[in-house]
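In the two complexes that follow, chain A is the common piece, with chain B as its partner first and chain C second.
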Partner chain A sequence: MNKTNYFKHKIIRNFKHMKSDYRFYIAAVIILLFFTTAIFGPWISPHDPYKTDVRNRLQSPSLNHLAGTDNIGRDTLSRMIYAARPALYVAFGGLFISIFIGIILGTTAAYSGGIIDNIIIFLFDVIRAFPPIVLILVLVAIVGPSLQSLIIILGITIMPRYGRVVRAETLSVKEEEYVAVAKSMGASPVKIIIFHIIPNIFASVLVLAGMDVASMIMWEAGLSFLGLGVQPPKTSWGVMLQEGYQFIENAPMMLIAPSLAIVLTMMGFSLLAESLRNALNPKSKNEES
Partner chain B sequence: MLIYTVKRLLLIVPTLLAVLLLLFSLSYLLPGEPAEIILGPRASDKMISDINEELGLDKPWYISFYLYLKQIASGDFGTSIFRDVSVLNAVLSVLPYTLILTLTGMAIAVIIGITIGLLAANYESTFWDGLLGIFSFVFASTPTYVAAVLILLFFSIRLNILPVMGAGDGGLIDGIHHLIGPALALSVGWTGYIARLTRSSMLETINEDYINTSRSFGLPKSFIYYRYALKKAVKPIVAVIGLGIGRLLGGALFVEVIFNRPGLGRLTVDAIFERDLPMVRGGVLIAAFLFIIANLLADLSYAYLDPRIRNK
Partner chain C sequence: MQKMLQIDKLKVIYRKNQKSFLAVDCVNLSLNKGEVLGIVGESGSGKSTLGLSIIRLLPPRAKIKNGDILFEGKSICEIKEAKFNKDYRGRKISYIPQNPQSSLNPVFTVGRQLKDIIKYRTDIKDIKKTAVEMLLKMGIADAETRMNEYPHQFSGGMKQRVLLAMAFVTNPTLLIADEPTTALDVTVEAQILSLLKDLIREYNSSIIYITHDLGVVSEIADRVAVFYAGRVVEVNDRDNIFKKPQHPYTEALIKCLPDDNKDKKLDVIPGDIPDLSELPSGCNFHPRCNYKEDKCSRKKPPLFDTDSGGKSACFFYKKVGEAL
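And now, the complex of A and B:
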């Protein structure tokens, strides 16, 4: 059995293993909560997150405002709920971009070999040579801060992870007999890549992506906190953290609420990643991917 | 090992060149004309052309890239646009703060992390193990900036036992006092990570044959644990320290911004907001260089610890 099929097989076989893993259930609950909040936010939030009410500013939690109000009287809980959506957009949009580019570059590198292979590997190495935060800062400076540019920039920054995995997997899948058969029947390289290689490497790419969701959410909030991501008055956990930071002496809830949201979401996706990793390789529980 | 080291060192050259090329191309990629940003909208043509000449923008790009490389090689990083200081001096004056912060953060993470991990392994599958496990997991899932604002909120504002901002007045005691909060904030994530790594590595080691053998000889448990098992269990931790320093250098930026501490990260962020091109280039170049060195150390320590890589 080749490496990729082995991988896929293992996921399916070990899904049973995952189902008996309590971490998987905790992760499922948190992630479900995150998705529900992100998708149905406008219907479940108790107040309008943009409606200001300066007479009731900087309030402590009360029955009407469960997490208090911010510096211009907006309901913190509602803003927290609305902020799940940008986190979702950035996490999945960014991952989609890096998977997309990673697959194109990775398969091209593995399939062409020679100088093109070397150039693409070098490109990956250069991107990885930058501290991620610095590369992101520079790119934001070039294109300007916004949700869209954040998605693209994060996608480019973590793309080499995917490119390298895709390249390595393609190199092994390429030697398979069914690829040789397809080639002998006159299939073009593009056709072989699309119909024979990508379906076989996709499982491992998805597993890697599952492990990256948490860090994407962390980046979104962090960069929005610095003022390089989602721009106020739009809401994001990072934007809320920034506003809370400015009123740190008056309204601690403004800081605590988004902090809880970020940590809880990251915990959910880390648990998912861990139970995935555990299912694939029960021996290495805590190793860095 | 020597061949591997040399190969790995040679890899730095093209990478640094590519980093320099990207930094150089910033003056073409950044929105707006650099001269206009510096001089404002009412500058005369003569002033603009003078600035362009100074920045090397009046020549074709490959010539100015060559000039830029020559300039960097001679140790001249240019002058800040807004602050009339040499970029190299500005960067070097804040660099120690970032290095101290990063190394202290790593030291805290290693010490607390290993302690928690050993305790958890020692009390495997008991209540304490579970509790420590939850703590390490929450720590590992807390981004640096969340840890930083929460430490600021609870220790500096509410309890008022740590200073709110800055890096102290230059005295040693005051400097350490100002370092505690930032270093703790920086270390939180890696403390959790190292604790979990230590626990699993320790548990794996104490099930090895040679440990069972020494147990069957009747050696005391603490002796086996801390003389024999720890020596092997600590290897994966040593291997990730280099990687961790690279990560913490990035995290230091958030800590510096939140605690209003001088440092490389804050210098670069400020420069980006001010569009101070030479300063951005200098800060990023030094940051990338440090990161490359940290990655180099990480790779070399992996190779040192794993003969399979060393002899490849």
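And now, the complex of A and C:
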């Protein structure tokens, strides 16, 4: 009860700042649209995205097919709507995995120090030493391409970013006096990490995650485009791009529609992150008040 | 008689860049039940280190070199860490920190933090009622509503009251108060001190009160130990310390207190406290001492028993304090 109360106050305070920021409104509209599409996709899409209709292939936009049809006559708009869900899964599933592992490893490293710290940092460095695309290609080649493996692999690849931030923040929070007091009252290390450290570092993790949503969506599209993520006939914006670019001269809508979806969603989340960063940044707050 | 706390030849060193600093050097102290021991000393004289070694929370670079701390007849150093954490910290030994402003977790309400202590560190069943009663006892009006407020909504004095509640709610045998009023202004300090005095009477806890303020010590302590550069230079009952100090350092400290004569300039002790890595030979205080003679720079003075029942680490303790 008290915890929600605290976050409520904090959210209201930050929200007040964001209300004066036009970027926040644009972002909110786009993100709301994205979520509605992803959640209610099956109910709002005008056609079955898997139903082929070869006679009406490669059509231009019309009233029946608002974004035209693809090379085997499937409705592009419906496929686009259905593709929002894998994007959502990858973005939030991947982030959840990386934040979860990152927090566990980061706090453990910073709190215990010494050799455990070195081992965990070494692990982070090993993962970060590879260019992400190379690492992902190798891992996908080992595990095999699918939506689930994409989520897990992306989660692990991004994780060191969170691990490092969490570790750095923990190093400073654990020197706080309330941690020393908790220790003097006999709180166990696990309790100190859960009750005293994680709530106090979560804000910075949240900001970082906000900025990463957009790049996760891009990763999903990119890898699906390369055939390493969502597998056809399942639909994803990356898969649609891959199918569309072969027909760019005859049916440009096949390419334009998913590109637009990717650009809009990424813009939405980037704007939100930007606006959030502004609101949470104490310096920018002082300038305006 | 069995002493509640007995510190025996305690020696704590800090290591930094291959150099070692003797933070606490051969300290012998003891504490009876219900007694308030004031520890006075300048910054860096090792008094906080002593406090931290009793609850075994020394920073990793500090180590107890030798000596022993006996708590209720048992050596603290030999108890396993998990057992010490569970049965001693917060239960038998409580700690009041120096800076109340940053000693409460900012993301939880004050009530939740107090209730946690009651839940995990005592056997009290009625947690909420005890918490409210405790806060009321600490002089926090409207305790029931203030329980749901966050630390940033409390003033420094209020936070110190909450921390006192946390320390006393477990009814500890020993309380280590590490300069609890240093960060507060003088009026609040006076309030907290009088509250602390009431609490000591009620709970009959033994207290180690660490401070650099002789005024506070004269207010609260039964017995006073004066620290200088990691060593105890004088121990005595409060009244004897102030009436007839028997170590030149104590004498100089008392002379530095402001008195009623407003035209008089305040006395100062010439020189600085020595660097703990390069202590002077012989008596640590001799470079700044008015009574020094040749042998002070050659030989370390042991603790002599004085006529008034205390101890003094000065060869000339009989001469000291006459002038006051």
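Heads up, the rule we're going with is that the second predicted complex is superposed on the first by the 264 of 289 C-alpha atoms of A that agree within 3 Å, B and C clash if a C-alpha of one lies under 4 Å from a C-alpha of the other, contacts with A are read in each partner's own complex, and residues count from 1 in each chain.
Just so it is clear, contacts are C-beta pairs under 8 Å (C-beta built on N, C-alpha and C of every residue); 3 or more make two chains touch, one makes a residue touch a chain.
This one's a predicted model, so the numbers in the text were calculated from it and none came from an experiment.
S.K.: Taking the superposition as given, does A:232 touch the first partner, chain B, the second, chain C, both, or neither?
M.R.: neither
S.K.: When the two structures are overlaid on chain A, which partner does A:126 contact: first (chain B), second (chain C), both, or neither?
M.R.: First partner only.
S.K.: Give the label of whichever partner, chain B or chain C, reaches more residues of chain A.
M.R.: Ranking chain B and chain C by residues of chain A touched puts B first.
S.K.: Considering only touches as defined above, state whether A:46 meets chain B (first), chain C (second), both or neither.
M.R.: After superposing on A, A:46 lies clear of both chain B and chain C.
S.K.: Could you list, by residue number, the parts of chain B that touch chain A in their complex?
M.R.: 11, 14-16, 18-19, 22-23, 26, 29-31, 137-138, 140-146, 149-150, 152-153, 157-158, 193, 196-197, 199-200, 236, 240, 243, 246, 249-251, 253-254, 257-258, 265, 268-269, 272-273, 275, 280, 284, 287-288, 290-292, 295
S.K.: Which chain C residues qualify as touching chain A in the complex?
M.R.: 55, 57, 60, 85-86, 88-91, 94-95, 97-99, 102-109, 111-112, 116-117, 120-121, 148, 150, 163, 166
S.K.: Once bound in the complex, which stretches of chain A touch chain C?
M.R.: 2-3, 5-6, 113, 176-178, 180-188, 195-196, 199-200
S.K.: What residues of chain A sit close enough to touch chain B in their complex?
M.R.: It is residues 122, 125-126, 129-134, 137-138, 140-142, 144, 214, 218, 221-222, 225-227, 241, 244-245, 248-249, 252, 255-256, 259, 262-263, 266-267, 270, 285-288 of chain A that touch chain B.
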